[in-house]
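To keep things simple, chains are lettered A, B and C as they appear, and every chain counts its residues starting from 1.
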Amino acid sequence: MRRLGTATALLFLSMTLATAARANDMQAVSPALAKYAERRVFGEVWKRPGLSPRDRSVVTLAALIARNQAGEMAQYVNLALDSGVKPAEISEVITHLAFYSGWANAMAAVAVTKDVFAKRKVGSDQLPAASPKLLPMNEAAQAAENEREMRVGQQFGTVSPGVVQYTTDILFRDLWLRPDLAPRDRSLVTVSALIASGQVAQVPYHLNRAMDNGLTQLQASEVLTHLAFYAGWPNVFSALPVAKEVFERRAK
Amino acid sequence: MRRLGTATALLFLSMTLATAARANDMQAVSPALAKYAERRVFGEVWKRPGLSPRDRSVVTLAALIARNQAGEMAQYVNLALDSGVKPAEISEVITHLAFYSGWANAMAAVAVTKDVFAKRKVGSDQLPAASPKLLPMNEAAQAAENEREMRVGQQFGTVSPGVVQYTTDILFRDLWLRPDLAPRDRSLVTVSALIASGQVAQVPYHLNRAMDNGLTQLQASEVLTHLAFYAGWPNVFSALPVAKEVFERRAK
Amino acid sequence: MRRLGTATALLFLSMTLATAARANDMQAVSPALAKYAERRVFGEVWKRPGLSPRDRSVVTLAALIARNQAGEMAQYVNLALDSGVKPAEISEVITHLAFYSGWANAMAAVAVTKDVFAKRKVGSDQLPAASPKLLPMNEAAQAAENEREMRVGQQFGTVSPGVVQYTTDILFRDLWLRPDLAPRDRSLVTVSALIASGQVAQVPYHLNRAMDNGLTQLQASEVLTHLAFYAGWPNVFSALPVAKEVFERRAK
């Protein structure tokens, strides 16, 4: 038997509890689901190499928030905390998805998360400031953002000046620069939410951005595997050709 | 300081209360969200010219119903009533979206709205009749509808005769002619619901119809800005190229 | 008056009760909805020939689970049982959609269904085994599956080996072969879920598979009509051109 670190052991315990929480219900309706949960989802998928349990928690939370599935959310907020996601990061995931999944999705996540935070004594000192000092943009990031603004402005500046302006002011020069969630993790959240809600058209830009921000191809590939279970096969099969094209272009 | 009319002052009070209702929850999870709500969503977006608060209420309600987000709905039904949307109009928005967003979405909206109506003493005398005298179609509308029926019949008459028949009988020669929601407002509801639920393929027909029904390009542009917040950026970015093409074709 | 069999009479009673359950709420918000429910949805659509009430129950349940609409689900689980869907089949529908609509959708359906099962004394002896003897694949099915595996492996084997492997191991060589839901019914569930959640890109493969599994074109056409009401017109109008192409290719 392989020896586990304390953190990993705690995480696996947390996963076992997550399985057990629904086990009786599943047995009463579908013993098969209970089997798949135990053997496949928690027993296998969550333990696959290529994407850490911590990242899988982030992906799962993003999928649940994007799909507005509050009923399952509490156990995965707990699982995220147990797998090393900081309360400040969960806070930022929700804030981020207010813009990438819609305001009401964030409000539903707030309602669930406040109870989990209260039970676990997560106080306001562990939360990000409303207006923190933003991450600096280096020269390359600045150039890329200037290019994005110009391109989007040319495309849609007359179609919806409000959208174009807020995309710059609130998203790329504010939200994305908030320091309590790393850009790579914001990208992980964004890509997961896009795939989980069937927003294929927006995947190429954000998958490229994610990989620019440090997400490896192996990790992106595992995000797809993980989301097959949490967002359903069809969403993932619709994202596969898009991911393939992004991977191939970057390989050139 | 600009003097506000009583109605506007009441509306802003209602918006302040809407913010406050979630403020404690937001503070406990994301002080940033509370800041964005106060400064951006309610403090800025709702007050943008180009689309009245009344229309923004209709757009928001349509988005919430289309996305089946009952948790946030009550406060926006109240906000709609405070911003001048009549109970009969809210009733028709829900009825309309039973067909454009699915029966269960309407049922979820009914469950929320009946409580709001009860609290505000909205009685059955303020509701539309089940079978009112329908709006007449003028000659141009009749010709356009005949053309639509012929086109859809040719395309899909053998694929699904049931869909084709009900589209005519229930939607365009019944629902759309119900008198308690203006055709322009039905279009506003339809377009908002389509964008909010990622139904891009159906936007061109209905955005054109909306503008034929009196929605201006500026208003349509502001619908996109408003929905960026309530339906999430990705849905709006997927709708932008479609809106652009509609606007450009109509400009010719 | 046509004499009804006892089963049909019971079903119509069940439909009447389903209407009545929401009738007061509808009257308090939209008397029009109550009228459409009575005259159109339950009074007409559910009784259309071409698709049995039993199949319509399966389609409706699949749509509600795929769209995560738990609020309406209990009455339709009851209606399904009253229209001849076996508890074991409902159990398999939920298990199937765990993979085709996402894990959390299945969990939401489990939460509702366990209460219905408890009230109707559906015991574990009526549920499918967790690991039953799988249906055998005949030579043609084996060949088709080999071809699918090769094609998907070539397309996406390097993009996401995990997805590709699990698609074979869990879906097509396990889930689809579970004996308590006929392949034709699994296809009916899959196609309904895809259309109901706007997954148009995945419809061609699964609609073809459905028709290979015995779903007739008339039945598929009626699925579209039925889903217009339960998944909303836009989802169905986006599916119509895809269905048309599948029908036309198969006619050649």
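Throughout what follows, a residue touches a chain if its C-beta (ideal position, glycine included) is under 8 Å from a C-beta of that chain, and two chains touch if they have at least 3 such contacts.
Here the structure is a predicted model, which means the values were calculated and not measured.
Of all residue numbers used at the contact between subunit A and subunit C, under half are used by both chains, marking a mostly different-residue interface. Superposing the C-alpha atoms of subunit A onto subunit B requires a rotation of 120 degrees, rounded to the nearest 5. Distance between subunit A and subunit C, defined via averaged C-alpha coordinates, is recorded as 29 Å.
Residues of subunit C found to touch two or more other chains are 68, 198.
Taken together, the subunit B residues at the contact with subunit C in this complex read 68, 70, 90-92, 94-95, 97-111, 113-114, 117-118, 124, 127-131, 155-156, 158-163, 166-167, 170-171, 178, 193-194, 197-199, 201-202. Residues of subunit C touching subunit B in their complex: 22, 25-36, 40-41, 48, 50, 63-64, 67-69, 71-72, 196, 198, 200, 221-222, 224-225, 228-238, 240-241, 243-244, 247.
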